[in-house]
Every structure is written in structure tokens, then in C-alpha cells.
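Next up is a structure, given as C-alpha cells.
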Amino acid sequence: MSFNTFGRVFRFTTWGESHGPALGAVVDGCPPGLALTEADIQPWLDKRRPGTSRFTTQRREPDSVRILSGVFEGRTTGTPISLMIENVDQRSKDYSEVAKTYRPGHADYAYDAKYGFRDYRGGGRSSARETAARVAAGAVARAVIPEVKIRGWVEAIGGDRIDYDRFDPQQIDRNPFFCPDAEAAARWEALIDATRKAGSSIGAVVACEAIGVPAGWGAPLYAKLDSELAAACMSINAVKGVEIGDGFAAAALTGEGNADPMRPGADGPQFLANHAGGIAGGISTGQPVRLRVAFKPTSSILTPVATIDRDGAAAEIATKGRHDPCVGIRGVPVVEAMMALVLADQKLLHRAQCGG
Amino acid sequence: MSFNTFGRVFRFTTWGESHGPALGAVVDGCPPGLALTEADIQPWLDKRRPGTSRFTTQRREPDSVRILSGVFEGRTTGTPISLMIENVDQRSKDYSEVAKTYRPGHADYAYDAKYGFRDYRGGGRSSARETAARVAAGAVARAVIPEVKIRGWVEAIGGDRIDYDRFDPQQIDRNPFFCPDAEAAARWEALIDATRKAGSSIGAVVACEAIGVPAGWGAPLYAKLDSELAAACMSINAVKGVEIGDGFAAAALTGEGNADPMRPGADGPQFLANHAGGIAGGISTGQPVRLRVAFKPTSSILTPVATIDRDGAAAEIATKGRHDPCVGIRGVPVVEAMMALVLADQKLLHRAQCGG
Amino acid sequence: MSFNTFGRVFRFTTWGESHGPALGAVVDGCPPGLALTEADIQPWLDKRRPGTSRFTTQRREPDSVRILSGVFEGRTTGTPISLMIENVDQRSKDYSEVAKTYRPGHADYAYDAKYGFRDYRGGGRSSARETAARVAAGAVARAVIPEVKIRGWVEAIGGDRIDYDRFDPQQIDRNPFFCPDAEAAARWEALIDATRKAGSSIGAVVACEAIGVPAGWGAPLYAKLDSELAAACMSINAVKGVEIGDGFAAAALTGEGNADPMRPGADGPQFLANHAGGIAGGISTGQPVRLRVAFKPTSSILTPVATIDRDGAAAEIATKGRHDPCVGIRGVPVVEAMMALVLADQKLLHRAQCGG
Amino acid sequence: MSFNTFGRVFRFTTWGESHGPALGAVVDGCPPGLALTEADIQPWLDKRRPGTSRFTTQRREPDSVRILSGVFEGRTTGTPISLMIENVDQRSKDYSEVAKTYRPGHADYAYDAKYGFRDYRGGGRSSARETAARVAAGAVARAVIPEVKIRGWVEAIGGDRIDYDRFDPQQIDRNPFFCPDAEAAARWEALIDATRKAGSSIGAVVACEAIGVPAGWGAPLYAKLDSELAAACMSINAVKGVEIGDGFAAAALTGEGNADPMRPGADGPQFLANHAGGIAGGISTGQPVRLRVAFKPTSSILTPVATIDRDGAAAEIATKGRHDPCVGIRGVPVVEAMMALVLADQKLLHRAQCGG
């Protein structure tokens, strides 16, 4: 199946391929009367945009968004918001090898096994370029949840983790790695340079938190807030793991070690810990909602890898071309966008059933 | 919102509370003509059933399932299958404390924040007792995917991991921990006994694999196979993390280290590694589908924890009563069921779009 | 496909066959805190109940509803509400003829063509007995929209129409035909008696209106209020047509003749006509929402009709047994229920997007 | 709520306003490998296109469709198909009156009541211009169901009906009214001319049939084939009624008069009548699927009608501008498109559950 819509009442549908004329998103169910212009969306796209440093793919895309519907005189009308981004730098090259030979770790073989036919240019629909449409839709979602501040960062690259004692949110936008630890950023510069020069790639862990989510958002049991966040993040290209709060670390704890005690606070309870990542029973508790996402290293590497071709014959393939040595880095604005999209949907779902 | 249906074309809806008269599931979209009787479902419920060893809750529930519709003369008719399990051992006890005081880490506060009102007896709807309905529905799902063998086990309890060099699938059902490593099982017996005697609890990691999934199942981009599995697993009580294939470990690798090379095989490609966990681009590759799930330690512990009551006043609460010292153990049949339910849905989704 | 769930945020799923042990509905997404007991649901079921007069089927079913979940201490909790009605009077009879021979006009042949297999006893899943579950769910919906009063009646039986000049809402519950025109009721008594004695059946038109729907409910474009009402009503057994407002009569009018002029009123506009049936652009206008539903005569008649059997051979079949001579009559509480269910859903959908 | 997606597995989402830069549809779930180019879609848009005769609005729109994704080398890839139609002739005019004063019978007041804010230019989202996107999506649906031939026509204008004894399918495309009866077409020419010159409007009934639908399509109970068709048609602008088969006429019949007897045929049963319109129990029977749709006269008339303005004050409004005197005529390709879209979805849904 192809299923390109996400959300329950605040929904978005994306379309487009890496090397088609354009890609886009249709956002449906957005509340009316919200201020929204292209200038509200563009900065988030710029954050994700390729080609801004030597640490990302050198594909040059302006990623200029156009609003084609759903906004009138600078405000949302409540009708579907169509967002379009034209593809500009689909470099003409020879795709005959990738058309014929499956790149292991990419979706090539799986798409052919499923559909029997695929747009192989630049990965077609399975390209991470599609995430530009998510980021655009995410900017609309942010307008729906002004009470929430979402902030993502890279926590580790290739096993080299930041030191949370040096966590400085101001640093995040001061280096090309969305790294909140200046020392780690310096190390990562060398690491990514080496990776890039070796024609290799490397994995990363992205962390993201949402501050200001009130207690009560979540749709148990099968659209729990954490369940929706997991689905949203796992749908991002190259993601292989999702944790809420302490995640896998919690599995090594005792109930005492994992407790989040409460005491009376000014507005509702004050929590003395947040192992749970701000979610209990699939519903937000009012604490910061925290998650962590594992990005694998991209399979686009210069070292030849054994594979097969469309006819089933043995082959080898190496990926030259333009690519991100660490796809997790540009994953930060994408994870943020998915978190915004889930929270906007959950806010409206909560309002549907419980009012307020 | 309350959202108690899961699936796209093979769908199930669960209902019921811990201490209500019954709980159940309605399975809709099941193909017609499949052999199905209560005897096909009961063994899976028995596997999850409480009270079978001293290592689980002592609540005694027969968990007998009744098929109320959708099956005629031992075969599915294609109409909704209603499954009901009566609650038998809702021990009459005094719930006044839990009615009034929030148990930290449980859903008590979040449910009240959301709904303003809750059935507090035994956790009500947020009780893991609901997973019995999932397991029953999962048994129907298994009938839809006879080509797939699903097998789960406990990989770690409280940080004590099995040794995969001693992995023996025969062991899994020979100990009360679904442990494939006989030595680890022996250690865990002592560990769980100590945990139980201390009135404490402990986390666990459950692993699960599906063998026989053909290449091509998955519904990119927002119902990718891995995304649906993540949502399914994260919706289980106490789950805080999900990994596909190598998961977070992949984030520490290079592209070379994470490669899954292919060579020609008898039926389609032969893969030389499975870092990806059998999924690429959200679509199955024909390799075993592998995932890992983190269960937190239950918050039901004897040690008093600071909390607040419904009026916002400071309080302390300790959980006496009956509970599992390690909820991850009985999580195994639940993870298996969710995997079966996702795969059945994806099989039918694939058939819808691509035939075959 | 089998698709037994209706609604977007206020959803219900029904299950059960005519001659199975029970049938029921699971209502999900209901707001919390609403007063609800079995006594709130039973009267609506009693209104639909068979065997209450000689003008309906003589099957004797108490249709006693049990609430199995989602209600605690007399109030909804926001979790799924499971409603069950046991089948009592599944008269043991010889089903060998209907098992083998298709009843024309019934779903027998279509179900076999689709599923290859069916529960033939009393029509199985295609029996109108399923509508009991809708009526039970509809009673929950009514609790969600206390501001709305829904009222249905029979407008015509077999081409004999009521005279709206004699429309008296008090009459509706004073005769077994839900007829608001006492003179028509008298004529219908003779008509139905004759039909029944002849072993024949006859069609009917049911009208229904909802008063108190505020302006603004509706989800354009593909879940417009009128579109959802049409889907809801057309899903009822034996329904072949749906009209909103003037319906087909509007197709014979000019724009002047069909105008609904407005003038200022105390609360919003005062409308000088209601050709539109209270809906414009798929959104309620604040006027009464009005619709009309055509029920065909049931195909269960004593006159033998040419048909084929499961082996494709020529046959004849006559329906003896118990049946309603005019299924439209008991359709009234079902249409009312479907209208309540749609309006409850639309109220919550409106609140999701637009607040209030 | 705003809900702009239709379908279960073959889904489309439309976007765009009458006077925005463009409108479009995203079609998701389309099977891969189908031949599809813009030339396959354009003829259907041309059939619906305004300005082709003096009997329709004089707005001149080329309605040229562009495929922006989901098609590669002339074949569908199974990924979302984005279709865009630019608006060209959004005549600049003074919208101050319609911005301020509600046109009775149009969606103006209802949209403001719902959203508090609207794009008033040409009706904004509530304009029938949106149906161009449906027709484009419908052309994709036709590619999914090559076994089905769909044919619509106008059956009545303003109460003047065709004579089915003169029904000639060849005539349908030979007059500007999609009229299969040459004599009626001649009468309608005079009728529409008079209506147009009077600045009035007139209603119409559109009929549509699908030949070649095999027995077995339909998703009982809440996505029955007839229920989905009713929802699809009732979502079209100006539609106020839908009938399947004999529709309301069946309500005046007896069971004998409404019978569709069967006898053995070459391939499955041969039906001796088709009162049911090819659907029983919500499932196709293999007969032609037939429906009828009532279009009201557009409320855009020259005669001033009493109304109110945004401030609630009394006003009058007359619609000058460009409009169709009989919107039902151009409704024919739209009804055909909706029928194709429903049938494509039902074909895939059937395949999901029942294979084949």
C-alpha cells in the first residue's frame, strides 16, 4: 500500500519525488484564523535546506515554499493548505547504474519487490528530500500549538556523545551540527570531515523536547501520544529506533530508580524527575515531552558493496554523487516538525472529546 | 481523545477495564474462510495469563475467550469477529486510597487531567489487563499470515542480558521468563525472586522476530512497516522504546559497518547481514523482521513515593496488592500479538494496492 | 472488505449476526462525564423492538442492553463503551433451503459472491437485526448532543402519503406506524394488515428532523454534514434513497422557487424558508436539519420468485417465516439513531477544529 | 472540521479555492504500473470545462492538468499522484458586496458561522470549481477499473424528463446537455436559454450507471457500496438527493413489484430486473450499478433575495456575474468521476480482504 497521510484530525498528505518537478504537502483540518504566510514556513525549510555547509549534501535547492490554498489575507481559512516546493537542482546525470543495480540498505530492492517498478532517480519517493514537505507542514503545526516550544539537537554522532553537563541551548544554532555542547561540536567537525573525505557515512542520535505541553493530550490506547510520536519518528528516512524519556535505559532500572515523584506545585503537580519523558498512560503529564531518535548511517558510501541487479545477477555498487555524510544532522528539523505535527493533532483530538 | 482501534484494513477495536465485567476486541476486515475456533485463540491467552508462576501477579484469571460473531461452522465469514473475556478475579478491596491519591508513574494523574473522571479500580482502562484483548485479536491475525512465524523472547532483565551465543529457541518455553538462554534464566530466577520479595520491580527488554515475511509488505510513507510496528509496540503498557534491527546501535556505526550486502540466492537475494531488521524504506526485504522493545519497571512498588492527591495536597503512596515484579515478561506474548496484527494488516494492504 | 465502524472522532463499531449468541456496539470517543446508564438506552431499543404489534415481525426479542465498559458510577469515562444485546429468540428451524437457495433481493447471493461463505441463518450479518446495535449506540450519541432534538416519522407507506396539513407530532407515538397524521394511520392499519395477510411487503418513506443544531457543524468537503447523513442512512438495510431538504423536488425548481431568504433575527438570521434542509455547503445553518429516506419493500414475500441455488441451478423460493411486512416502520428509530450518531460526530469534529 | 480526503485505500485529497492560484488533488494508493499521462486525464476535464457553450458559465478556464508526482515514464509508480490545475480566469472584480453580504442558498453564511472567516472571492473553497480536481482524480480511478464502463446523463431539467423509450447513448455527447433523448435536448435548449436570459436558474436530475462491476464489491456495513456512492454524490455542490436503483419509487412498491428474479446465466446468474440498481446488502450483484442524483438550481440569480450582512443587518442581494443557469449539466462528469473513485476504492478494498 501507499499511505501518505498522517494525523487524525490535523492531517497532512505529502507527495513528490526527489527528481520530479516539485514536492509538497496538503495540510487539512487546520483551525481557521491563524496568521500564516510563506515567511512563517521558510525559516524552518532553511534550517533543513541542503548545501548550507560542507557537512551536508552539495545539492543546491532553494526550497522556496509557495502556499497555494487555504490562506486568505494572511490567515488560515480552515480549508486545506497546499504547500509546494519546486525541485531545482535535479542534476542531470547518468542513472543507468542505479536503475539496474540495487543499492543495499536503500529502498531500491524493496520498492521493486513491492511495486515492480520505480522512479530510480535519486531514490524517487524514498529520498529524504520528501522530508522538506514534512518540515513545511510542521511549520503550520507550530501555528496550531503556540503554547508549545519544540527544540531538537544532535546528542551523538557515531557513538561520540555530548556531555549534558555542558548542555547549552544557545550553542545549538551556532554550529552546523545542531550540537548543544561546544566541545563535542569541535570534535564532530573533525569526525564528519574525515567521514566525508573517506566517502563513508556515520550514524547519529537526535534528541527533541517539547516544553509547554499541558497535561491531558493523548488518545489512548491506539493513538497514545507516545505511540503517535514513535510512528511519526520511525517514518523518517534512516530512523531505526525511538525512545520516550529514559527509553531503553529504563529497562535496566528498578521501580524505585525509575520513579517520578510528585509534590504540590503552583499549577498542578511539581515532578521531581522525568524518567517518563512527560507521558504516562499515553497522555501528557505537563512535564517536558522528551524523545530520542536513532539515525543509521546512510548506505550511500564509496566502498563497493556486494549486491544484485534487477535480473538477479551478482554486482557491486559504490555511491559517488552528492549525499550527507551524516543524515542525522539534517534530521533535527525533521524530528522537530514531526513532533509539532503530532502535538497539533493531539491538541485538536483532545479538544474534540474533552473540550477546552 | 479516546482511540481504541488499530489497523488500516485489518482492524481491531478493544474495550474493557481491569475491574469491569469483561473485556474484549472486535476484529474487522478479516478474510473469510479461515479456520478459527476458540481453541485457536486460547493457547495465546494462556501464554499471557497471570498467576501461572510465582514470578507474575497472583490475580487468578482463567481468561477464557468466547467468539460472539464472525465465525460460522468453524470458519471466519468476513464479518466482524467479536471476542469476549470475562473478568473473574476482581478482588473486592478497598480502593479509597487509589481513588484519592495518584500513583506516580501510573496513568492516574494523566487520566484525571484529561478526562476529569476515571475508573480507578485496578487502573481501569489503563491497566495492562487490556492486553489480553490484544492477544486474542493477535491470534486471529496469525490465521491471516500462516506464512509467517513470530517468536518473541526476553533479552534482558534489569540490565542482565542474555548471551546470544547461548541462544536456544527451545529454551524459550521452558522457563517462566521466555528466556532463550538457560544460564540467564537461572540468574533471572534469583533476580525476580529478590525483586518480588523486596516489593520492588524491574525493567526488561523484549525481542521479537517474524520469519517468512515476503519482500514487499509496507505502506510508505506514513504507514511504513517499521512505523506501524513502532506505533503498535509503543502503545503497549510500560513500553518506553522500540528498535528495528540494530536500532540505536546503528547510530554508532559507519555505513560500511551497517551494510547489508546481497548476493544472488535461490529465491531472490540472499542477504549477508541484517542490520536493518528486514525493513528498507518502510518495506519488508524478505529477511527476518526484527525488533526490540523496552519495558520500564512497573511503578507499583512497596517503597512509598511522594505524590499528591486529587485535591493537590502532598501525600505518599506505596503499592501493596498483586502485581508483576517484571511486567516485561508477560509482555512477550503481547509484543508477538502486536507484530502479528501489524503484519496481517500490511499483508492485506499490500494485496489491496499490488494484488498477489 | 468488511468495514463495520462509522464516524470520525465519535465512532462506533457494530458486530453480531441475526442468529449468533449476541450482537453489540463499541462506542469510542465519547466525551467523559456524561450521565449514562442502561436505562438511558433501553427506551430507544424498545421503540425499535420487534414483536410489539401485529404489524411487525413476531420474533420476540427483549433486546436488553448491557453496558460492559466505559461507564463508571453512572457516568461515561471517555473510554470505549461496549454495549451488548443477547439474542434470545433464534427460533430453531430448518435452514437448509435458504442455505442452498438465494433469496432474490436479499444479500444472499452478493455475500456468497464476495466472501464465498456465509452464515445463512436469518440473513446472518445482513439481517436488519444489526440495527439494534445502531439504536443502542445512537442513545449514547444523544447524550453527546443534548441541545438537539431528533424526531422521525413515517411519511408514506406504499405511495400513500400523510397530509402535512394534519401533521401532529403528538400522534407519532400513538400508533404503531410512527405516523403523525391520524387519518393516514387509520388507512395504513388496513393497508399493512392486507399486506401481511397476503404474505406480501410494502415500501415506505421515513422523514426525520433535528432541531437545535447550531450553525457551523459540518466537515467540508468529503465529510459534509449532508454527505455523512446520506452515507449513514444509505447504510441502513433496505434503504434506496436519501434526500436532504426538498431533495429531488428541488431539481424541478428554479432558483427563485428554491430560495431560502434570510432576515435579521434575535439570534442570528431568521430564515423565511427551508428548502435546503438546514444545510448549505455541507455545513448546518441553524435551521432544522431535515432528511427523507426511502425504504424498499422487503424481499421476504410468500409469492415464489425465480432464483438460482448455490450450484447455479434454477430454483424458486418463497419466504414463509417471521418478517416485517413494512420494514420502513421500524426504520424510524434507526434513522433517528443514525442522525444522532452523525450529529454527535460532527459536533466533536467542529470542536476539534474551531473550538467552542 | 475540514475533511478533504475521500476513500479508504484508494484515496484522494483535494485542495484549492475558486480564485486562488491553482487547485489540485493528491491521489494515494493507486496501483503501480498503470499507463497514465496528462492526455488520459485532460479529456475528462474538457468535458467538465466551463465556457464551452452558451449554456454554461462564461468563465474561461483551460483547466490544463499537470502531473507533478507518482508517474514515471508514463506509468504509475504506486506513490502519490499530485495533480495541479492552474486558475487562469479569476476575473478581477469588486468583491466588496459578497464579502459583506451573505448570498442565501450559498455557503457564505454557513462558512462564516463555522470558521469566522472566509475567502469570499467566487465562493472560495465552496465553489464548484473544486470539482475539477475530482474529475482529474476520477480519471486516475478509471485506470484502476478498466473492466468498468461508467456513463452519466441528464435525466431531467426543471421537471422536464427524458423519455427512456427514446434513450440513445449516442446522443449524450451530441448536445450540450448530456441528454440521451434528442427531443428532450431540443426542448432543453429553449428552456435553458430562457432561464439564462431571465437571470434565473433551474434544477436537474443526473443519472449514472456503471457497467461491468463484478459481483462482490462493497464493504458492509458502514462502507457499503451504495453508502459510499451516496456519500460521494451528496458531497458534490448543489446535490440534495441520491437514489440507488429505483430509489424513492421503490418505496411505493410491493415486494412482488420490486423483485429482481434470477435465473441461471452463462456467467453467474441472469437477473430479470434491476430495481436494486445492482447492489444488494451493500455489495454489487454483477448487474449495472445505477444511481440518480438531484441537483438544486443554483442560488445565483438576478432576482434580489432578502438576506443579512456580516453585521446582521437586513440586506438584499442579486447575483450578476458569470454562472451556470443549470449546474446539474456540468454535474454529469463530476458524478461519473465520483462513481469511478468509489468503485476503484471498493475494488481494492475487496482485493484486500478477499484476494482475487
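Which chain is which? They are A, B, C and D, in the order written, and residues in each are numbered from 1.
Just so we're on the same page, contacts are C-beta pairs under 8 Å (C-beta built on N, C-alpha and C of every residue); 3 or more make two chains touch, one makes a residue touch a chain.
Values in this document were obtained by computation on a predicted structure and should not be read as measured data.
Colleague: Sort out for me whether C-D or B-C is joined by the greater number of C-beta contact pairs.
Modeller: Answer by contact count: C-D.
Colleague: Would you identify the chain whose Cα-based centre sits farthest away from the centre of chain D?
Modeller: The chain lying farthest from chain D is B.
Colleague: Could you please state the distance in Å, as a whole number, between where the Cα atoms of chain B are centred and where those of chain D are centred?
Modeller: 46
Colleague: Return the distance between the CA-based centres of chain C and chain D, expressed in whole Å.
Modeller: Result: the chain centres lie 26 Å from each other.
Colleague: Per the centroid of Cα atoms for each chain, what is the distance between chain B and chain C, given in Å?
Modeller: Comparing mean C-alpha positions, chain C is 39 Å from chain B.
Colleague: Send over the residues of chain D in touch with two or more other chains.
Modeller: Residues 1-5, 8-9, 14, 29-30, 32, 78-79, 114-116, 125, 220, 349, 352-354.
Colleague: Taking the touch rule as given, give the residues of chain A at its contact with chain C in the complex, in rising order.
Modeller: 8-9, 29-32, 78-79, 220, 348-349, 351-355
Colleague: Which chain B residues qualify as touching chain C in the complex?
Modeller: Answer in residue numbers: 1-5, 9, 11, 13-17, 20-24, 26, 28-30, 32-33, 66, 68-70, 72, 75, 77-82, 114-119, 124-125.
Colleague: Of all residues in chain C, which touch chain D in the complex?
Modeller: 1-6, 8, 14, 102, 104-107, 109-111, 113-116, 125-126, 130, 156, 158-159, 195, 200-205, 214-224, 226-235, 237, 239-248, 250-264, 268-269, 272, 275-277, 279-286, 294-301, 303, 305-308, 312-314, 328, 346, 349-350, 352-354
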